[in-house]
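Presented below are the structures under discussion, each in the form of structure tokens.
Same chain, two partners: chain A is paired with chain B first, then with chain C.
And now, the complex of A and B:
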């Protein structure tokens, strides 16, 4: 949220506008609360702990990616490839783990190696994006549109068009990462919370976070202020790549497989979560808390639709569309 | 019901046998056939199966018939497929076309043009909007794909119980299957279809839909997952919720992993399946090529029957080399 303007000429008007701005900043939260009330009224099972944990757990993938995406969007960039990237990382990770198991590695060691590999792969894909965008001077939209196709095509090629499935023994060793709980809260929800917390601290409490916002606000001015724009930008893409890697770590144990339909349209869901959460698509300002709320909001919609029968199944996507537009309207900024 | 299935199974066996007895060396037919195959690219397991079986048909048929040439083109969209049709006509100079249209409406005109130039056209799976643009039509049996699971589940539940269903991507194929399923269930007033939501033939979407069904309904006796990919997600959701009220999960299409599970009996929830194999692509190319080599025509409509797969006959439907 931008600080309220201090307009000395019309103090009462400025103060009023500040209030208005603040109210708008809560748009996503208000939307989420209203949705939850609606959900509880429509189905008594909605407001149970089990259902809340189901929703938060399945939000974890998109939410973690959205935190990384938030940085990229605030810096004025975009990444369309995250869904394909997650699918390719999942596929490569499964292939590696399946290959290591017959070499006599213990299942836990194999899983650890697979996880490290996934994070490394995510970081290197992010690095490649960053270098192509800064050194290569290609628009981020085009670079990531290209890799969107490349990543998914390679996964399809590795899978021979079918599915890459994790070995059963490994699947058992790995499944607690998705299905396990710590203090009655599922592991993916913990990871999501930690990633969001770390993201919030990096964005608001470090020099790097400031640079990201400065670049998104005005790249030229940031350059004059001796910010090494290229290095900061590359790092935002690496950060996003690592976030995609983390999301994949949680995704793989869920179904134990990767197929060409894995992660389809995740990029749009992640971008929608960021924008619904109050970050401007043109960059410059944004918030991690808003992004988290946005991501939860999106999955609550489909959860409520699944729990009720009030509208035709053919209209499910339309409901999500309407909510996105209404929430975006509530949190819009003054011109 | 049982006899019906048996008839279908027999019909399937008969067609297989008929293909087998066609003379492999077509010495009696010196005619040259240049056949083009246009199919969707391998974007998911089922289309990957279509591509696999098309290439398999090319390999087998070109080996058996030296005077046959098969060209396979895969497209990732309707416009690309239309362009490939032109290439097949002008560059490859095909005289026979087997096409799995990406979209019915968009491909009707381009196919009609090919036919107007004297090309013999067999359309597979998705019918054209104007059937005069094709010479023959070969398809899977979507009605049986919905009817067979319905009959099986009704019998297994003893005509009484709660069923939840999943649906694919909203298309005419999905509607035909769903309508056939509900038509059978109408005959069993004690069986309730609690809900049917779209899982888009996708494992992750099916997982979420099933999780929410489990939250919403306290007693579910059977799940019609309507597709083996969706069944994978459904099984995981049930496993996570540790629910034991569900007795059967019925998938569909005979994905190799699921047929294997059925064969080995490794999951008590998986007791039967229904075939809808991408192998119909192989059959369509083979039928067309061999009829053309003999200078004959295909019947206007050929339906490759969908049959019930159980533990006993699962072996016949297990193709470990195919991606599907």
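And now, the complex of A and C:
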């Protein structure tokens, strides 16, 4: 009797939906665990400490940017320029450091100045974005689409179409920032962990983080509740800019140069990490932990493709794309 | 009906628009059969049954939240009943959407306008029913058709005017013209005169009589009981999701109608009026010459500590905008704002809150509450500084929520729900608790009981009174005149952006308030 059965099914379906909702938050974690098991089965090199550190180090750049991006997206914004911004910051800090060295500065002092400059530049770019978006009342998509082009074009111009290379003497002084480790864990992984921890605390345990969520959930309600919407929004872009600065100052010692391809498509990877981590692109709700898992998950995929030859490495981006779409499909709101 | 079929067909042909099916009857009897509607766990209609006979003007009365609007949305296809259904001329039908309902000749004129602001008047009138010539739109025919219906409603406006440029009353008339162009057999009007001047109202009533003579059934929803008394043949009263009375209009007095709506003697609903102590010291809030460009012009008023000052006026009179301006939510020009005798400047809601002035918006879902966030997050949002040292004290927030649930009588199954899972009345209490959380000295409550059932309403009135008795200055903006009369020490009446009068408690009657609000005093 189909009609009779629908009655008894309704509550069990509701219960199942509740279970599903609870599982929802763990989706990315479950996915990551499954991927790691698959990776371990496919290649014996996968489940080694070396490989794990390698993956985490590579994740650090995108992961740090994704933490900042998480704030911007939760507040209802977006920043498409982070890859170009990283390239321009890299170029500018190298130029500055190369210029300071002949003035008799100690290499370590030069590196410290370069790092401070990277943070300052990131914060300034973020401030410019925030002001254009709030005071200028331009859509964040448009503003950062514009600066995406501007930043990369200036880097290409400064580099004369080629690459800007760090002085060898400075490279040596700077390299521990990328290649060094502390307690057997690479420096970038430490920094990533600290940034993520700080991000989580700011988002979940401070008034500012609450305001970010309130604005993304409904900006009008936040405005009527006496939240200084513009100031909060500007700060999310500054925060992201600083995160880009941190990622860049970790990245520069890796290659010691900046070229027009530096940071290419980082914006997409960072946004993808945030979305895969369960943050809704329309804003309002999201988590730093999810973002971290999302970033790691994406780089585990490319790591597995590198280590195995089931799927061509050339299809790396395609696999990531499929993962993003599948995750979005699973996380779509029930109507 | 006694109408022979031949005439009905002829009339449909006269209408110039071939109807689907070709031969529908010119009149329509709509019957509700045991209609139940639930939104999630909340049941808003509990088995409503009645019939709307053709060619009658039926007044549908009930307080906000009584279920009138939901029932009418079901009739017009905007909502589907959870149980029960609708019959047309005795045949059960399932109205899949507003288009299906319009095909049957059922048209609902919304209280909130349903017009596409960037399209022209003519384009709006024919929206979804565009006249075509082959593949292309027949703009000329639509312009002629629009001119015709606009003349009937008495609106003198070029059909090519974008709707954006019209004032609120003109938009209302365009809505009515749109319904005429749909050849309605059942016309549901939700507060159609809220924005109209008396002469426009007269013209609307004449049009309604004419439509009635053509056999059109009309449902007239209004809180203006004098109009209900004048225009309707019959009155149906709803309360708390059910029909409580149906009678010929001639058999009921206005007072009886009001009592039926509220369900008890009105006096019980409000706290006893507290005498204000004699004026000593400056008013808590004094506003001199406040202007909000486009909405309010040169408004001055003052509120004393312990006083409840009402603001009455028609929709569009500028009351909400005046206070949004005062709070810095809109650009404003103020001659002078004084708080407890001190001149202050308010540029944004943050500065207002820091001065101890908070505002409860009339738009609960759009501006009042974060429905997708939790209860505690909503409650403490305006007062977060108190809970951050510098990390947020979640335990303290939860304590505050427990306290508010007890103080404000918020009925909730659990403290960790989202605000969206509360019923409308409890959401409103939470919104009220939220704006009172920073312990403001001056609080502006805009439609504090909108969409709230009678029991919750009474709770809110007593809360407002307690708040004022504790020394706060309270401003209540309301479209429900009974509410203002029952609650306020004085009522300011606005019309077209200007303050018309401030009436003391002794002079508060519905007639006086309407007269000032419509400029017929």
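Basically, the second predicted complex is superposed on the first by the 306 of 335 C-alpha atoms of A that agree within 3 Å, B and C clash if a C-alpha of one lies under 4 Å from a C-alpha of the other, contacts with A are read in each partner's own complex, and residues count from 1 in each chain.
Criterion: a residue touches a chain if its C-beta (ideal position, glycine included) is under 8 Å from a C-beta of that chain, and two chains touch if they have at least 3 such contacts.
Quick caveat, the model's predicted, so the values are computed rather than measured.
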_First, second, both or neither for A:296, with chain B first and chain C second_ = neither
*A:225 contacts which: chain B (first), chain C (second), both, neither?*
second
*Which one hits more chain A residues, chain B or chain C?*
B
*Is A:58 touching the first partner chain B, the second partner chain C, both, or neither of them?*
first
*asked:* I'd like to know which partner A:328 touches here: chain B for first, chain C for second, both or neither.
replied: neither
*Determine, under the contact definition given at the top, whether A:240 touches first (chain B), second (chain C), both, or neither.*
neither
*What part of chain B is in contact with chain A in the complex they form?*
42-45, 47-49, 51-52, 167, 170, 195-198, 201-204, 207-209, 211-213, 215-216, 229, 232-233, 236, 240, 257, 323-324
*Interfacial residue positions of chain C with respect to chain A in the complex*: 329, 348-350, 352-353, 358-359, 361, 366-373, 377, 381-382, 384-385, 387-388, 390-392, 434
_chain B-facing residues of chain A, complex_ = 43, 45, 48, 50-51, 54, 58, 156, 159-163, 165, 179, 254-255, 257, 259-262, 264, 302-303, 306-307, 309, 313-314, 316
_So in the complex, the part of chain A that touches chain C is made up of which residues?_
201, 205-207, 210-211, 213-214, 217-218, 220-228, 284-285
